[in-house]
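Common to both upcoming complexes is chain A, partnered first by chain B, then by chain C.
Up next, the complex of A and B:
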């Protein structure tokens, strides 16, 4: 009870501070200069129709590399902790509904994930959401079986391969143009086609493989009972 | 006030509300998993606030098309893509550490986790 009241007081004070520093309440008319540049020159600079992808992979590609590193360290920490101190117990057998769904649905889910990854420069999507979708198919398979996944050397090698590919694609741009992750090392093609936007689809593929394998190994380690690992 | 402007402001109110509920939950709940849940709620609110900061009424999604005349700012959306992934990673780590702390103290109540106090 006291905790709730004290928490409420702190939160109300914080929101009073936030409300007092809001400068003016007007609906914006123009974009900020950075956003203005991206919307005007994004397609000719990168060849990607989806400007969010062009910002994520081309303009701010170095930040994305840092993001991949953060995701990698967090998933490594989770897998490491759960390998040393397993928390899993014997999984209960799934109900017949879950078991049937896990047999029918994963193929369609993986197909949708692959679509989202490969069309990241054309429509909303890209490596991160697509990788999460593929990993959710893995989670569905795991929930539909009552066995414990074994050691995941396969996942680890996919993850390493994807990370190395991302880095090498970045250094390719550095060798040719002196810019890390410059995406026009291969011709940009005509914007709007599936083969366009230089190396953006390849980087999306690498990010997607990396995210999918990392999240899958995190899911698998939650069920790790210890003993064999 | 057209419907679009009302929608614009209601987005910011929703985002701030989620952040406030999340912070209040972190401060007032006792179960470590509920604290993790409140934390992800505040995280979602921050993401929504960032997306809202690049949004303006009447503008379309930042995908170039011949029929599109004005687009929203793509930069906050790209930043939020980063933020969502980091949020998932932090939540996974939070849950693991929380489960281990609950194992060690025999309860998921944070008041009984004496190892975390100094």
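Up next, the complex of A and C:
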């Protein structure tokens, strides 16, 4: 009773705040100065046709590196906790529909994920979504089998390799131009081609491999019974 | 797409999300709540697409709708049972 009254009060207060703010809302006509710079100079600066990728990987590449570190620590913590605490039971065997789907679909999903990763500078997508799509293909494989995935050195080495690649690409720019993650250590090429936009495709590839392997190991650790560390 | 149709589609999707979110809070079974939250994620990805943000829409559909729903389901399996 008290809980629902408090909840109702909170909801009413929040709606009052929203209603009082709505008349002042306006759709911004001009972009802010940074956004305007990005839209005007983005393509010639980075060679990437997709401006979102040029901001995420080239202009604000350092932030993306931080994001990758956050994901790395989160997945490490999840895997650690789930392998140390022995709970859960054997996975229930999948129904025949799921089993058949898991046999047919993953190849197409991996292909789509690879497309999203490699075309990040041309069309919507990039390393993070593409890596998540590839990981969801592995998720489908796990859903379709009744066995438990063992611990994988392969995933861990892919992950470390991708992280080291991202860092080295950053330091390459530092050695040549004195700027971390400088995009133009590789010639920019003509915008719109698959080989263009400097190091953006390489960085996307590294991010994609890292995200895919991290999410896959998180999924695998949920599937494990745990307790074998 | 014509602007008024776009606005109507966005508002419709938003209302659907609102109703589904309330349903997720009030529904009794945990597994139904998880599926409804997955539906809310998927609708929000449609909403991002309508707002011309395909990059965000792809990420939301793959992580929000697919991965986190399965993680919730498996997490529910690990803690064992309802409520």
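As a convention for this text, the second predicted complex is superposed on the first by the 210 of 229 C-alpha atoms of A that agree within 3 Å, B and C clash if a C-alpha of one lies under 4 Å from a C-alpha of the other, contacts with A are read in each partner's own complex, and residues count from 1 in each chain.
Simple rule for what comes next: contacts are C-beta pairs under 8 Å (C-beta built on N, C-alpha and C of every residue); 3 or more make two chains touch, one makes a residue touch a chain.
What you see is a predicted model, and the numbers here were worked out from it, not measured in a lab.
More residues of chain A lie in contact with B than with the other chain of the pair chain B and chain C. Once chain A of one complex is fitted onto chain A of the other, the partner contacts of A:52 extend to both chain B and chain C. Judged by the touch definition given at the top, the superposed model places A:218 against both chain B and chain C. Of the two partner chains placed by superposition, only chain C is touched by A:116; chain B is not. When the two complexes are overlaid on their common chain A, residue A:128 makes contact with chain B and with chain C alike.
Legend: residue contacts after superposition of the two complexes on their common chain; A:175 is shown touching neither chain B nor chain C.
Contacts of A:139 after superposition on the shared chain: chain C is touched, whereas chain B is not.
Of the residues of chain A, those at positions 50, 52, 82, 87, 124, 126, 128, 132, 215, 218 touch chain B in one of the two structures and chain C in the other.
By the touch criterion stated above, chain B contacts chain A in their complex at residues 5, 8-9, 16, 20, 23-24, 27-28, 30, 54, 56-57, 61-65, 71-75, 77-78, 81-82, 84-86, 88-90, 92-93, 96-97, 99-100, 103.
If you check the complex, the residues on chain A that touch chain B are 3-4, 6-8, 10-11, 14-15, 18, 25, 27-29, 31-32, 34-35, 38-39, 42-43, 49-52, 54-56, 60, 63-64, 67, 70-71, 74-75, 77-78, 81-82, 85, 87, 123-124, 126, 128, 132, 191, 211, 215, 218.
For chain C in complex with chain A, the touching residues are 54-55, 57-59, 62-63, 66-67, 70-71, 74-75, 77-80. The touching residues of chain A, when paired with chain C in their complex, are 50, 52-53, 82, 87-89, 116, 124-126, 128-129, 132-133, 135-136, 139, 143, 215, 218-219, 222-223.
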